[in-house]
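In the two assemblies presented below, subunit A is common to both, partnered first by subunit B and then by subunit C.
Then we have the complex of A and B:
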């Protein structure tokens, strides 16, 4: 018998499938049905759902960067919001397991040389006890190459708010990625600003291209 | 940090007490034992682990109580070892001029005695008997003696309903009402009304522990809430249980005298409990609103009724059919954002009939209603759920009767036992002279 990660329900597989060694799912059907997978046409760069395939205006407006594309698994609906909050802020590491299989499959398809996490500033990491991005990589059973670190973000900065949001680069390289293609895994893709800063820092480490996989795609 | 009284009786994580310098006044223990066993919630089975950036080791954490803040191997729990705050003057003065019924008086005396002796006692009081008033004398005596008292209830809405009633009768010891997100959660009071969940943050704090609605979900189902009750009370404290319909094992313990209990088999208004009828209604999952149910609604042009469905989906399918009879009929379920508004509208008489899942089985009262249960053989309708549901009818003295029907597609033991329990209460009430002729 195995229990759903979110409720008390039993998730045991139907007997004939279990007989052939099928693994019991991590969530029960009731919990699983609250989450919406992204399918149908999306932006080729950022995974935003669209009426037809193509490149969305936001992505068209970004300056050229070694960042190639992001792929997201789920819509950021209320249930996903609650789930990610429990995973990231409450610190329920075990929840990363429900994404493991999909992340592994998507990582294989992305066919990059190295997998790297989005680092947290040291104080934030100590507060949360783990980095959600690393947790997703570990649970998916992928080898992690730490190529980046992150400064404490300077909240008292005299820069204007707009400048800070636009340009505050807190990531810096700590490894060598010369000539490599890099896959970054994180929880949410919102505006694409973070992943482009990550890509810039990876470029400083010598990387030639960056792709990302995120659990959820927020924003419209 | 000047006001230490807040910490008295509480056990908190390092994160919950960030700015303390006088740590020598606190006793400390790890959040988890090696088994592992969570010292806050008692969980011994639901854990996970990960490489921990705080302690540098692979750290285990409790998944059971994580919504209250994470307890990991590297978490320390602190509890106050300084002196307990003094009670305010006149703490135990009771401001209440009501009169107890004969049944209530016996119960009140027994609660008082249990509190004096530090023993355990169960009050089995039918819905409408007035169980809260039974506590007043005992609580007053306890507060006068400088004892700290806790009433634990299974749900936040019960806490919110109880708090103002106790505030009124004990104005000198304004109770702290504790539930997730409550404004009182940083307040110290010798009188605490708390959800069973919030008890996890207490350690040997109370001289008197009163557990309301012991039969209610989730108390009976959740071992960890029982752990919370035991952890929050002092070793030599008294323990009072309140229930309208104890589970089968408790019933037999009470009947055989192995559990010390007082029964109040009659309502305050001294009229017998209305007894449910059973009506076979065929496959209601197919018909959704069986003909017999439709007739029941139309027959008397029901002015006020609650109709219980076992599941949201069948209830949602039934609603449009009922709206054909009267468009003002509404439905309500646990996650309904308009739940409060709809219950209020029912109370005002704007909604004549309310379809509901089991969430309205207890707590709410509407004067003069009839009650139907559609699909009463479903397993959500346990004996105690059905007794509670029947207890919604005939509550007011002006209108002490009410028509209750269990519409079923096959009788269950729970239905039969519920009706038997209600009949037994009426017989007992009669025998003890608690009912008017």
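Then we have the complex of A and C:
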């Protein structure tokens, strides 16, 4: 029997595909319905929900970089907040499975040469015991190429918007990505500061372009 | 849902162990193989284990002797069960042989009205009698594709029919064992219904509350069959769920805790199964509800699919042969489809009407192969009819009848029941109108097993398609395309046939030319009607037209005959014609000159179909086939010797169909024609007044067919005739011995098949 990763109810759907061996979903319908997928018009660069298609003022304001675009799956609502907290801070590693299929599909569409995680500073990794970004890549069954590492720094989530945008580079390249396009997978996209720093560091490793996929898109 | 997967493995094992029809076994192995490949390791192990377990248990069943009896015993001690039926002067009932506990059937012709009343009162479950009776094997199918009573009974482990000369009450005692209590209650309840409810409400009450469908009127049942709603009269999962839900609610209302209410229901379910007649659908529904109730108290929640699997495994472990019962097949197939559709397909319905339509289409699609094999026709109007009748019966009639039944213990209910009865009759009238809508039903013909399996695959595929495309249209399109393919390929098949049907004492010969070039019926069989005392009259008793010929023609996919040839005006040749024509009309009817006056012909004339006289010399030709009437050559009808005699060339052979032609007619025929034929329909059922040695010598048949009833009172065929044929080296087929005889041909190839193999 398959149980919901969040509430532990039975999730097996009584269906013809299910009978012929299709895998049961990892969440039950009740839990799944708490999360809102992003649909409708979004910013072409950062996936922010907007009234009509286009480029949001934030993205327009960012200076040009080899970062091309970000794609996000869900709104960062209360349920998603709780889920990511449970996943990232309380170490419920298995939750990454619920995004695996979507991440895999989006990665395929992004059509990049290499997939790279956002590295954690060594002390943070020791604290959490795993890198959530790598977990998402691994669960999606994608090959991970470690191209970057990170100096010690303050937690991004503890910073204000202005502090984030002004943040200094803490990433540095450890691999060679000469002439490659890179896909970065992470949990949340807030201001786009992190991904742009990552892209800059990847540029130093020789990458020609960077796209990203994140589970949630926070901010309005 | 490993339990459901295990059921597939169990079914494959059972069918493999009993050497069931090859295409079906292949289908199950294929499905099982796909599942094995797709499911996780755990389920895979369970499936393999189940396969071997069921292969073993079924093989043990197969190798152990079927019955404790040889059939030669004459002294029996039997107990009556709740399956008691007195119809007219006929008692037909299930009994249990006491020492062995083996189930037997007992049929007995009541000798007087007094005896009928006496037995009606005395025979109750547990009544135990010592009787002198001959045991015989139940009837087997005597025509191609016909219902096989012998295998039907064998599926419920019943192998002999007892026919006592008398049942003397002096040799009977009442067994008051508690074992017979539920059965006795059931009989008492059915009697209460008969006394307190007016007809036809009483039939519906007996059917809906206690699963007894024996008393329904034939016309209404037929309308319901055409509308595809006959299932609502059998107790199904819906009934059991509604009833348990109702009872659960009542128990909680009167202040019983949920846990205790659940226990009470669990205890009540088996009792209800017995009260409701314990047919396969009832047992299935009670087992499923019981399994769900049973696990509801623990922390595992059993899904409907697992409950279905559990019910299947339990029922087939106890009796693997139950998978051959039509009721079992339909009940499980439809529930299987509904359960697997409940998570996705049925969730999409936006309102009750959509849901009801989806359920009805699902059921029809799931049951398609079984329906066609058993009934050879398909109700197109079913989804709409179900939309109207299912709520009427389930939501209105069932609770109402339940309430009235309980009230009947305390107050007179005549007023309310007559109101309900009025409503029911209005609905039955509506059913009659709907059933007559053109194209309400399409006759598809009976598919062979290979085609049935293809249909089964198509119906599973159409469910997957429905689930994936979120649209029923594509699946309906696939299925209707396949269905019309089957109908057309059947109709325009290059195969032709001549079948001598077994119509008891009488004649009926079916001719089908290849590629839809012609379908003819020569005679229809029938019985001389005679006045009966009122108490002996049976409800919807057997009649050769509606019970043998019409179903046979439907299985052949025939909705209209090109010609009906009535050789002469005797009841054993023309008696059932009107009955056949009512269901399957003919483009024209050809009779012997001057024979239209007789009583027997009046029914035919009344159908309004063109009737004309055929006479010597008339002939017609269709591609390789040729037909010509050789007699009679006068216009005066004088009985048997004026039978229309038909000479034919069909399938590369020459045939002579003689009706009841006797010696005088044969002599005339020999004088006028020089015949050398391959197949002879022996005149007058093998009576010695026909088939004179000179005639047989003259026409030189290679094969001969005698159409006569089993143990008929005329002693047909006479041994003079069989002797003559044997002497001339003619290979003889007899319908009283081999059942129907079929000559099939396809181009140059041909074969002869008998329904009952030569002994």
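Throughout what follows, the second predicted complex is superposed on the first by the 206 of 220 C-alpha atoms of A that agree within 3 Å, B and C clash if a C-alpha of one lies under 4 Å from a C-alpha of the other, contacts with A are read in each partner's own complex, and residues count from 1 in each chain.
Everything that follows uses one rule, which is that a contact is a pair of C-beta atoms (placed from the backbone, for glycine too) under 8 Å apart; a residue touches a chain by one contact, two chains touch by 3 or more.
None of these values were measured; they are calculated from a predicted model.
Q: Return fit or clash for subunit B versus subunit C, each positioned on subunit A through the superposition.
A: Aligned on subunit A, subunit C clashes with subunit B.
Q: After superposition on the shared chain, which partner residues are touched by A:10: those of subunit B (first), subunit C (second), both, or neither?
A: A:10: touches subunit C, not subunit B.
Q: Between subunit B and subunit C, whom does A:135 touch in the aligned arrangement: first, second, both, or neither?
A: first
Q: Applying the touch criterion given at the start, work out whether A:152 contacts subunit B, subunit C, both or neither, answering first, second, both or neither.
A: neither
Q: Taking the superposition on A as described, I'd like to know which of subunit B and subunit C A:126 touches: first, second, both or neither.
A: first
Q: Between subunit B and subunit C, whom does A:93 touch in the aligned arrangement: first, second, both, or neither?
A: Once the two structures are laid over each other on A, A:93 reaches subunit B alone.
Q: Clash-wise, after the superposition, say which stretch of subunit C runs into subunit B: 117-125, 243-251 or 333-341.
A: 243-251
Q: Considering each complex separately, which residues of subunit A are in contact with subunit B in the first and with subunit C in the second?
A: In subunit A, no position sits in both the subunit B and subunit C interfaces.
Q: Using the touch definition from the top, list the residues of subunit B that touch subunit A in their complex.
A: Interface residues on the subunit B side: 48-54, 59, 61, 63, 66-67, 69-70, 72.
Q: State the interface residues of subunit A toward subunit C in the complex, per the touch definition above.
A: 1, 9-10, 12-21
Q: Within the complex, which stretch of subunit C touches subunit A?
A: 1, 4-5, 34-35, 37-39, 300-301, 303-305, 339-345, 460, 463-464, 467-468
Q: Given the complex with subunit B, which residues does subunit A contribute to the contact?
A: Within the complex, subunit A contacts subunit B at residues 86, 90-94, 125-126, 128-131, 135, 138.
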